[in-house]
Structure formats: C-alpha cells, structure tokens
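Dropping the structures in below, format is structure tokens.
In the two complexes below, chain A is the common chain; its partner is chain B in one and chain C in the other.
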Partner chain A sequence: MPFTGKILLVDDEAHIRKYVGLVVRGLGAPVIFEASSGEQALALYAQESPDLVLLDVNLPGMTGVQILSGILAQDPDALVVMLTSLANRQTIEECLRLGAASYIRKDTPKEAILAELSAIVSDSPNDPAP
Partner chain B sequence: MKPDPDPAPAPDGRLQISEVRYSLAELLREIEVERRESSFAMETLDQVEIQKMFANRRRRDARNKK
Partner chain C sequence: MPAPAATASLLEGRSRKILVVDDDRLNRRILSRILLPEGFEAIEADSGENALELYAQKNPDLVLLDVMLPGMDGFAVCRELRTRYGAGAAPVIFITAKAGSDDVVEGLAAGGVDYLPKPIRAKEALARIHTHLQIRQLLAEQRLLVEQLSNANTAKNRFLGMAAHDLRNPLAAIRGLAELLRDGVVGTLTHDQLDLLETIHTASKQMLVLVNELLDVATIEAGELKIYPDTVDPLDLVEKAVYVANIEATTKKTKIAIVPHERPQPHVFDPNKIRQVVDNLLSNAVKYSPPGSTVQVEVESVAGSIVFAVRDQGPGIPESEHGKLFKDFGRTSVQPTGGEKSTGLGLAICRKIVEAHRGTITAENQPERGCVFRFTLPS
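So, the complex of A and B:
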C-alpha cells in the first residue's frame, strides 16, 4: 500500500535531507517538508501535522532528543523516527523511553531504511493510506 | 555495600559461611550510574540490536492495549 501521507525531515545538512527525501519517496508519494533546526521542526509540526517525522539527533541548537520531546508534547501520538549517525546506547535508550517509534542509523542500507519505515507506517493507527 | 566482616575460621580450620546482605536500592543506584556514565552508556549498537529494542517496546505496547 503506497504511503501518501506527509513526512517531515529534520536534518541540518541539506544533502542528507535530499538523500533521505529520495529514500522515502520509495514509500509511495508522500508530501515532504524539510526543517534544518529544532525551532523550524516544531513550527512545521504544529502547522502541517505530518504523519511521520524523520529526525536527526545531532543538530546545532536544540538536539534531536529535545525536539522529540517537544513534538510528543504537542502530539503524544506523533510517529517520530530518529535517523542518525549517533548510535550510543544512552541516546537510543533515551529516545526509546521518550516514545520515538524507531531509531535508524544513517549507515543502514536504503532498502533496510525503507523496510523499517514501511513497517512503522503500516503498523501505525495514523496511517493515512486507504 | 557493606557485607559482613570477613568470616572467622571455624575451630576445625574451615571458613564459615556468613550472610551477606545487599541493599536493593543501593544496587539499583549503582546500576543507574553505570548505565549513565560508564562505557556501557557509550556502547555503539548495531541496527539489528536497535531494532530489537524498539520491536520489544512495540510488542509490549500492543499487549498493553489489548
């Protein structure tokens, strides 16, 4: 089932947002919004209510973990997937505890990223796909 | 942790077993510090291990919703 919902990509590096954007198009035909900072991400989340958020951890200013908390404070049912090169146990456990839907290392092959995102989106009660 | 003092040898020369009591609260505090500050916290996990952690949580959540 193609995913036609809205996705918010949060990463401070434009080339990563572009790459991840290309990967997530493999889900179907999602509408993609991009943010390069925590403030932008929270504002876009409030404005667009995306169905899925792909969030980097290591950002200048607000960290991904703080942004995760901010999004879940706005919407406890938000589907937030951490997509990051930082993979230490402490950060992962914190994201898990806060309520991230998943945590994907950026060095994961794109087919595996896509498979994990497809599984998360199809498990979600918020899945906008008919 | 304050285990009892060293066991005194029994008259026949063998060591007597003495009771050692640990405080659960203290043990849990030590584990928490260990998880936060040691190399354990900084351990890098591979994607398979990460996915298992999240899948376990999803299973738990699904069970709780039933």
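So, the complex of A and C:
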C-alpha cells in the first residue's frame, strides 16, 4: 500500500534534504516537510504531527540526540529514523536507546534506504513500539 | 624527560653546564680548572644528596661523579638520576680510583655512560666529555625530530579525516541525485543526457568509495578503530549485504548467491565493521569477475568460530603478488573487468578490522579459476 502520510525531514544540508526527499517519494505519495535546524524541526513536529521523522545525527546547534529527545517529549510514540554519515556507533546506540526506531547511512544505495523505510512504515501504523 | 630549556640549549649547542661531584675539595678544584678554560660552567657538589639537589636546580648537561662518597655513593646517585629523569637524564661519567675493577662494571650497570680513572688527565677527560655531550645533543635532536614527525602525522590524519568527512555527504547526494535522474524519477531523458549523467554517477560513486576508504585509513592510523561487539546473526548480516551488493552487481549482469549451509550460530562481533568487510569482499568479487558471473558467498560456524567466504570468478591473484594484497595501497596487476577503480586500500582496511577482532583473513586461488577470500572470527 503506498504511503501517503506526513514525513518530517531534518538535515542542515540542503543537498541531503533534496536527495532523501526524492528517495522517500518512492514510498508512495508522502507529504514532506523539511527542517534545517532543531528549533524548526520541533516547531514543525508540533504543528504537523508527522507519521515519520528522518533526523540527521550531526547538526550544528541542537544535536540530533537533543532534537530526538525533544520530539519524544512531545510524542512518546513518534517514529524517528536517524540519518547518519559517520557510523558513530555510540551516538547511534544512544539514539536507539532513547527511542529512535532505526538508523540509515546516507550513502546507502537508495533502493536499500527505501526498503528499510518501507518496512518501518508498514510495521508501524499506530502500533506502539514494544 | 628532558626539561624544555635543557633541550633548547642542547639544540643550540650550548651544552656547557657540568656538575662535578666529589667529597674531596681538591679533586673538585682540579676538575674545575680543567673545565673552565674550555668555556664550561662547573657546578660543584660535595655529597650525593647535594648533587641531586643541585641537579634539580641547575639542570646540568653532564655529570662527573666520584664513586666513593660518604652517605649516598656514586652508584646510588646515578640510579636516582635515572629514576627521576629517565632517558632525558644528563650523561654520567664516573670517576674512579680503581679503573679495571668491578667499579667500572657496576657504574655502567647503574646507568653511567663512561668512566675516568684517577688521577685525571685533562686531555682524556675533555675528549670524553665532548664525546658524550655530542651524543646527547644528537639524541635530543633525534627526539625532537621524531616528535615533529609524529605531530605531522597526527595532523595529516586529522586533516584527512576532516576532508573525507566533509566530502562524503555532498558526494552521496550527487551520486543519489544522478541515480534518481537516470531512473526517470523527474521525467524521461534523452540518450545523450543519460550518457552524461552516467558519467556523473560513475565518477561520484568512485569518489565516494575513495573518500570512505581514506576516512577509514585516517581513523585506523589515528588508533581510533574501535570495536563495538554485539551478538549478531551472521547469516542475517550476509543476506543484507548480498541484497545491497546485488543492486550494484546487476549493472554487470553478475549475480551474488549465498551457498546454503546449516544456519550459523549467533556470534559476538562488531556488526557495522564486519558488514564493511563483507561489503568490501563482495564488491571486489563483482569488480574482478567477468560480467555475467556468479559470486558465491558462504557463512558457517566451524568449531566455535565463524567463517565467511567469498568466491569470485576472476583470474585469481598471481602467486608473486599475494604479499601486496592486504597492504595499504597494495594494488596488484589484476584489473577490474568493468573499468572500475581501485584504491588499494579496501583489503588493508578489511585486514585491520578482522585483526581487531583477533581473526584472520586469507586469499586463495581456486584450482579452476577465481579466488576465495575467507575470514575467520574466533569465539
């Protein structure tokens, strides 16, 4: 079933937002919101309550971990997938412990990104994570 | 450790301070009178304890040390200097009335560099002093050089890491956007447009591989290769890697197949790092096999260890070049079959990751054709 929900895409790099934005269109017909900073991301989350958040780990200003905590404070069931470039295992593990659903390396081929995200959104409809 | 001031004076050739230790005032005078006309500064100490105190204050460049001292003897003073100042301690020349006796042997064992027999002969004393000051100066220069080189190497690694890291995201975006354009996500392209796009795609893909490998090398060389062990299902890891590698392999009409075995036991290793090794071996196998080949992958539990094997259909590795295979920038004469690029870093990185797991990695030609790369992770 094509995905038609809302996706919030958070990354400070415009080219990454553009690329990942185009890739996630492959999920179906999602409505995409973009944020380039933590403040923007938290405001958009509150306003739009997206079904899926794609969140960069390394942002200037508020870090990925801080943004993740802020989103989960608003909505403990939020579905957040971390976007990473450096496989910084400690940070990723911290995000997963805090409640991120998964993580994806930005240089993964787009087919694999899409497969991972499809699995996550089809697993989750209003099914609170265990 | 040498004090910075002492190192500086050494490097400028101003090694001029000599600590003269003797309880006999007349002996100290004789030595001072030999030293002063040569431009040395003589610091006189009349006991072992006094010598240690003056050493700490004046930081001399060399010590002339009488063996027979009341209280703390010369050997004890010498040992104490070595303990306090380590390899940076000033050289100690013992003065002994009994040259040729056990005193000489014990003095050298205590860390002395030389000895002068009494009665002191001025020319001999000066010759030995000059020699040891020269050696000390050379050592200091060498130590400084090593330190400078090591700093330069650290800076290089940091720079490489930073550059690679900042290049990676934009490259990933360029490559990805080129793929999306090629796949017609935003409309159909003409044949010529597709041709140009393919060039952009290939070039950015190769650069991304190179940048990732440079980043890995920088990380490994900086001693920051950290293993985060986890309990992992090895077959699951291999299946995911094969899925992704097959996407790439289809462009060469090559297939990657997993040879069925009994399901391996869960094993403890760093899943990201081992995935990187598997990815690298798979991409190599595709790279060096002729188009249309089948690459075979195996993963098995063998006596508590886990063994991964990737079998390609390439020409194999010439016997004489096996030594190069797992070295940094160790490219062999074997060429990729589809014009792909090779940095010669991939297998060196694989080896370092496998060895960080206390495992081994090998390459072995098959009797018919092709090569098997195999790595084993112990329990």
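Heads up, the rule we're going with is that the second predicted complex is superposed on the first by the 126 of 130 C-alpha atoms of A that agree within 3 Å, B and C clash if a C-alpha of one lies under 4 Å from a C-alpha of the other, contacts with A are read in each partner's own complex, and residues count from 1 in each chain.
Here is the rule we use: a contact is a pair of C-beta atoms (placed from the backbone, for glycine too) under 8 Å apart; a residue touches a chain by one contact, two chains touch by 3 or more.
Computed from a prediction, not measured in an experiment: that's the story for all the values here.
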item: Touched partner set for A:Asp123, first chain B, second chain C, both or neither; value: first
item: Partner chain(s) touched by A:Thr108 [first = chain B, second = chain C, both, neither]; value: both
item: First, second, both or neither for A:Tyr45, with chain B first and chain C second; value: neither
item: Partner chain in contact with A:Phe3 - chain B first, chain C second, else both or neither; value: neither
item: Winner by number of chain A residues touched, once chain B and chain C are compared; value: C
item: Touching partner for A:Arg89 - first (chain B), second (chain C), both, neither; value: both
item: Which of chain B and chain C A:Tyr19 touches, first, second, both or neither; value: second
item: Chain B and chain C footprints on chain A, overlapping residues; value: 87, 89-90, 93, 108, 112
item: Interfacial residue positions of chain B with respect to chain A in the complex; value: 35-36, 40-47, 50-51, 53-54, 57-58
item: Chain B contact footprint on chain A (complex, rising order); value: 87-90, 92-93, 96, 100-105, 108, 112, 116, 123
item: Residues of chain C defined as touching chain A within the complex; value: 165, 168-177, 179-180, 185-186, 208, 212, 226, 228, 243-244, 247-248, 270, 272
item: In the complex with chain C, residue positions of chain A that touch it; value: 13, 15-16, 18-19, 22-23, 25-26, 85-87, 89-90, 93, 106-112, 115
